[in-house]
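In order of appearance the chains are A, B, C and D, and numbering begins at 1 in each one.
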Amino acid sequence: MKIHEYQAKEIFVSFGVTIPRGKMVTTVQEAVAIAEEFGYPVAVKSQVLVGGRGKAGGIKLAKNKNEAEQHAESILGMDIKGLTVERLLIEEGVDIAQEFYVGVIVDRTTRKPTFMVSAEGGVEIEEVARQTPERIKKLSIDPFSGIFDFQARELASFLTDDFQLAGRIADFIKNLYRSFTACDASLAEINPLVVTKDGQVIALDAKINLDDNGLYRHQDHEQLRDKSEEGPSAADARQMGLSYIPLEGNIACVVNGAGLAMCTMDLIKYYGGEPANFLDIGGSSSPAKVTTAMKIVRAQGNADALLFNIFGGITRCDDVANGIKEAFAGKAPELPIVCRLTGTNEEKAKEIMASINIPTLTDMDQAVQKVVAVAKGG
Amino acid sequence: MKIHEYQAKEIFVSFGVTIPRGKMVTTVQEAVAIAEEFGYPVAVKSQVLVGGRGKAGGIKLAKNKNEAEQHAESILGMDIKGLTVERLLIEEGVDIAQEFYVGVIVDRTTRKPTFMVSAEGGVEIEEVARQTPERIKKLSIDPFSGIFDFQARELASFLTDDFQLAGRIADFIKNLYRSFTACDASLAEINPLVVTKDGQVIALDAKINLDDNGLYRHQDHEQLRDKSEEGPSAADARQMGLSYIPLEGNIACVVNGAGLAMCTMDLIKYYGGEPANFLDIGGSSSPAKVTTAMKIVRAQGNADALLFNIFGGITRCDDVANGIKEAFAGKAPELPIVCRLTGTNEEKAKEIMASINIPTLTDMDQAVQKVVAVAKGG
Amino acid sequence: MSIFVDKNTKVIVQGITGRDGSFHTQQMIDYGTQVVGGVTPGKGGSEVSGIPVFNSVAEAKSASGADCSVIYVPIRFVVDAIYEAIYAGIELVVVITEGIPTLEMTKLYPFIKSRGSRMIGPNCPGIITPGECKVGILPGHIHTPGPIGVVSRSGTLTYEVVHNLSKEGLGQSTCLGIGGDPIAGTNFIDCLDAFQKDAQTEAVVLVGEIGGTDEEQAAEFIKKNMDKPVVGLIVGRTAPPGKRMGHAGAIISGGKGTAEEKIAALTSAGVPVADIPSQIPGLVKEALEE
Amino acid sequence: MSIFVDKNTKVIVQGITGRDGSFHTQQMIDYGTQVVGGVTPGKGGSEVSGIPVFNSVAEAKSASGADCSVIYVPIRFVVDAIYEAIYAGIELVVVITEGIPTLEMTKLYPFIKSRGSRMIGPNCPGIITPGECKVGILPGHIHTPGPIGVVSRSGTLTYEVVHNLSKEGLGQSTCLGIGGDPIAGTNFIDCLDAFQKDAQTEAVVLVGEIGGTDEEQAAEFIKKNMDKPVVGLIVGRTAPPGKRMGHAGAIISGGKGTAEEKIAALTSAGVPVADIPSQIPGLVKEALEE
């Protein structure tokens, strides 16, 4: 789960990571009031769950009340990569002497929490990794013992030769690690970490991605979810335990299992179609999941045909068929449906589907070829 | 460092270990006031840093105000194994259904934090270990991962077949472990842990020994030290970094190094004398340590002769000699002194000692034989 | 022969009294798996499908001599259940439960290695040696004994692949899903190594997906260490970057973990990669004929 | 020959710029020890007694090829310093600093084992192979090369014993103090095993004290695994129970760890136990003559 910069900073500060003075606001009036309180310059920063806010004009510096008002007005409501800015973070200006990159992730290869630091602060770390990998230092941490002082010093020493400053950065890094583990993050990133002209070490920007698998043991993190950015369908899917990702194509698909769902998308493409979504209804069978899936597909609106691809193992085909029946409740489907149902309780499912006049196939290739043809109006 | 029951309970309760309602008092008036507040019965418990308080009459149950006053009066000021009772813990009475023993120590053999539990609560665990070792269950904990739920359940299941109760005891055990590690204890013991008639799990007695080596990182633990029980000499020794233990004999000894100090005591005994103390002035040389050691020996008062046994390695013999010279400041020693000084700067030391008319020996056996003879008036 | 499980494998079920645990216990018994015990704390002394239930893995193991445990316990208890199994000396732990926090896996993985045990999963369908032993939730009836090893990061997609193989007369030595999480107890290389050493296995089907670099590392391993043919399938070619495709591990992030890279790596290791599952049996037959 | 250190041992000093560190660095150099570097974070680039100082163990090791580190850093930094040395791949870490919390040792001990390194100490005087290499704070001049191995839980008492041996013409192969803490990185058995295997060592002197059961375990080991003679000394016969005799580990608690038990265990393993240090040379000579 992605969270906003201002939320990440609230978490960081509670673990002793220094951040600039700032406040989240949702109106121009509030923005100006906070700016006046802080004094100028202030940064007016859009809070959207997407990268590249700066380039999109979503982060501006205001030197006076007039500019604060102008910037707040222009950024609130702005569209950044399809997301509407509804919140601003107003932050006190900082006198920057140096900028660094400091991040920690769970590395899949070493299977350990792993730090990456670079003196190339403020630019995209993937770019640095591609062009000048020697300018990034990586260090894996033993999750049982946590980060040692000597490791924090080693990372900090890669950034600066100034031993006093390295000591402060090392402390910063230790606090960052504590934040990372305490909130079950999959990524905690400070870019840039800045050193001010008077030697303070501050997280100027801040990013935390929370591990979805960790959410169950952090009840308080649910309130960090920005439901406005998620959209109602995604919320429905999440609550029902479905995985849903909308796409640009016109063939909707409802599949049991993430691997099979990806495979179905690939197959649609392979046979000349374009998938309208990724939608995994998961393993255990429940008609409610199917009706929710149908609701999501309908809400998305860009589908010309719908494919069910179910390989019944734990999922019972008759449960899926019942879900489809329920979803239409006697009415004719508003878009053409192709049904592939095979495996557990396949025969029962066929009967149910026949009762609502939807034919079923058992072969995946055939089903996908058919839905592609149907979507093309064939 | 040993701490009082009421202090151990304050630590336990801050980690979620349930204890009876109670309050520490130092006067009879307070004791009665608290008893009246709690209602009867209340336990009136002497707070001294020694075992066997119960047998010595230092723990009594009061059923009414009269008894509370009587018991408080009789226990306050009582002498228990040489210690005067200056504090009482007044505790609400508890309806006991079952009594267990639960303790955790650092086991020297497995080198791990190790639990011991027994259904034989309320009796000395060493006694149980000797007579019915099969009634004790031991379980070592991995210090990196801490106690697992399944381990807490395993320990609790040894105590009871009642699964609900075992669950509550398991929670208690997990809290006990957290207390143990959080305060760098060498022992945390609940004896008895009681189950009340309404099924609550409560630490009726509580004992924590703090690891002396852990004190430096728990500044707040210093205030738990009961200086009245320690005595002024022990406090002096501790502050100067000396190890001091008073004994019953009449030959005082001042030695550098704990092993050599024990050896010196053994040697005194071997040659027919009785050591008056264990006193290790440690490794690094400093005249101030020697003068403090002299002060302690004088204060103890039961010595008829004093032996210095110094093997100079890091300790420099001349530093020790200067300390002795300083301690007497031109006056004649009030008790006969035998000096064994050998090793680093031995010659310089001999000169200094000669200047205050104290002869020095280099052989340990000779020195000990001489001091034994001197102490006997020989 | 086979890998990891066979007819001698003695299985206990952790979470046997739960909905999934009790259902799949019956399924496993029906398949012929030696299910020798179950564990649910507090339910010791009861029975599920005639199998005795114990309060702890240690008790279940000492009573039954189990060497394998399959774990269906709810997410809140699963990490503890895994440690319990390893502490009790279980050699193979198959974790069906989904949703273990990745930071817990960073601890579990080295711990299990240090104890010399193996974990398959978490978030996996389990493992089956057709005709001998089924551990997990895979549908038994689609499998047939034979010479093909199948290893996959997926569940139902594995069934699809196995179904295709069986239909074309290609039976399986062992099939297993290693799970869709970023950190798995057993990875492709562990399985490839075992298949290479297994006398029954003549060819291997590897079913990968986007995210991570496990497939690339597998390709490297195949090039260096395998003489048995391997056929690949990589799904997620059409997945957009930055989106988690259901599985916690199936995500293209920072431009890494794309299907193209994985296919290229496998191809350069001499592994024919199927575009779609139905091509797999043909590719396997070709490889076996060479 | 010798155990653990010899003339080829390359030593770095952690805490080299401190009071104790700089003093003993000079002492070690004077004795002929190959001191190849020092470590004090923030003091990299400076020198102590002509030895280059580095900011980290990793830097010091890569610059000097050190295989041994001796640690004099203050208690607040010592645990981190030990992990740093082990992470850097130092094989032998000698910890002079006193006062490591026992719970830290419960973590350090298995960690160091798992890395295949060895720690001597903490709270120990160090190790010396006379005429070749001195690591720690032992006074070099009392030692002479020869056939006797000496291992002790003490500092100055070890010097006393060595002094007695040297005086009587019994030189030493290696002498070391394993420290007075309840948990030590190296225990009696580790040293006895090494002495048994060391060609130069003909007999061993074991100096124990009250507390714990290390001496009893050593007796068991001697009985089973040693054919070289061992002579013992146990101090603390007159120590009262429940009192810590200076060393954190020297305490009789719960009636366990008494001198009597230890002496009995050693005697029953055929180890003559001296009453007083000056008896040791005679007992060693007798044992060697047999």
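The definition used in the following text is that a residue touches a chain if its C-beta (ideal position, glycine included) is under 8 Å from a C-beta of that chain, and two chains touch if they have at least 3 such contacts.
What you see is a predicted model; the values in this text were computed from it and never measured.
S.K.: Mind checking the centre-to-centre distance between chain B and chain C? Centres are C-alpha means, answer in whole Å.
M.R.: 55
S.K.: With chain centres defined as C-alpha means, what is the inter-centre distance between chain B and chain D in Å?
M.R.: Computed value for the inter-centroid distance: 28 Å.
S.K.: Could you list the positions in chain A whose residues touch two or more of the other chains?
M.R.: Chain A, residues with two or more chain partners: 144-145.
S.K.: Hey, what residues on chain C touch two or more of the other chains?
M.R.: Those would be 107.
S.K.: Sort the chain contact graph into one of these: line, ring, star, complete or other.
M.R.: other
S.K.: How do the chains pair up in terms of touching? List each pair.
M.R.: The list of touching pairs comes to A-B, A-C, A-D, B-C, B-D.
S.K.: List the residues on chain D that touch chain B in their complex, please.
M.R.: 20, 75-76, 99-103, 105-107, 109-110, 125, 137-139, 142, 152-160, 163, 180-183, 207, 209-210, 212-214, 217, 233, 235-240, 243-250, 254-255, 275-278
S.K.: Can you name the residues of chain A that touch chain D in the complex?
M.R.: Within the complex, chain A touches chain D at residues 145, 148-151, 153-154, 157, 163, 167.
S.K.: Can you tell me which positions in chain A touch chain C when the two form their complex?
M.R.: 106, 108-109, 111-113, 126, 129, 143-144, 181, 184, 186, 211-214, 216-217, 243, 245, 247, 255-263, 265-270, 275, 278, 280, 283-284, 311-315, 342-344, 364-365
S.K.: So in the complex, the part of chain D that touches chain A is made up of which residues?
M.R.: My answer: residues 41-42, 55-58, 77, 80-81, 83-84, 87, 107, 111.
S.K.: So in the complex, which bits of chain A are touching chain B?
M.R.: 144-145
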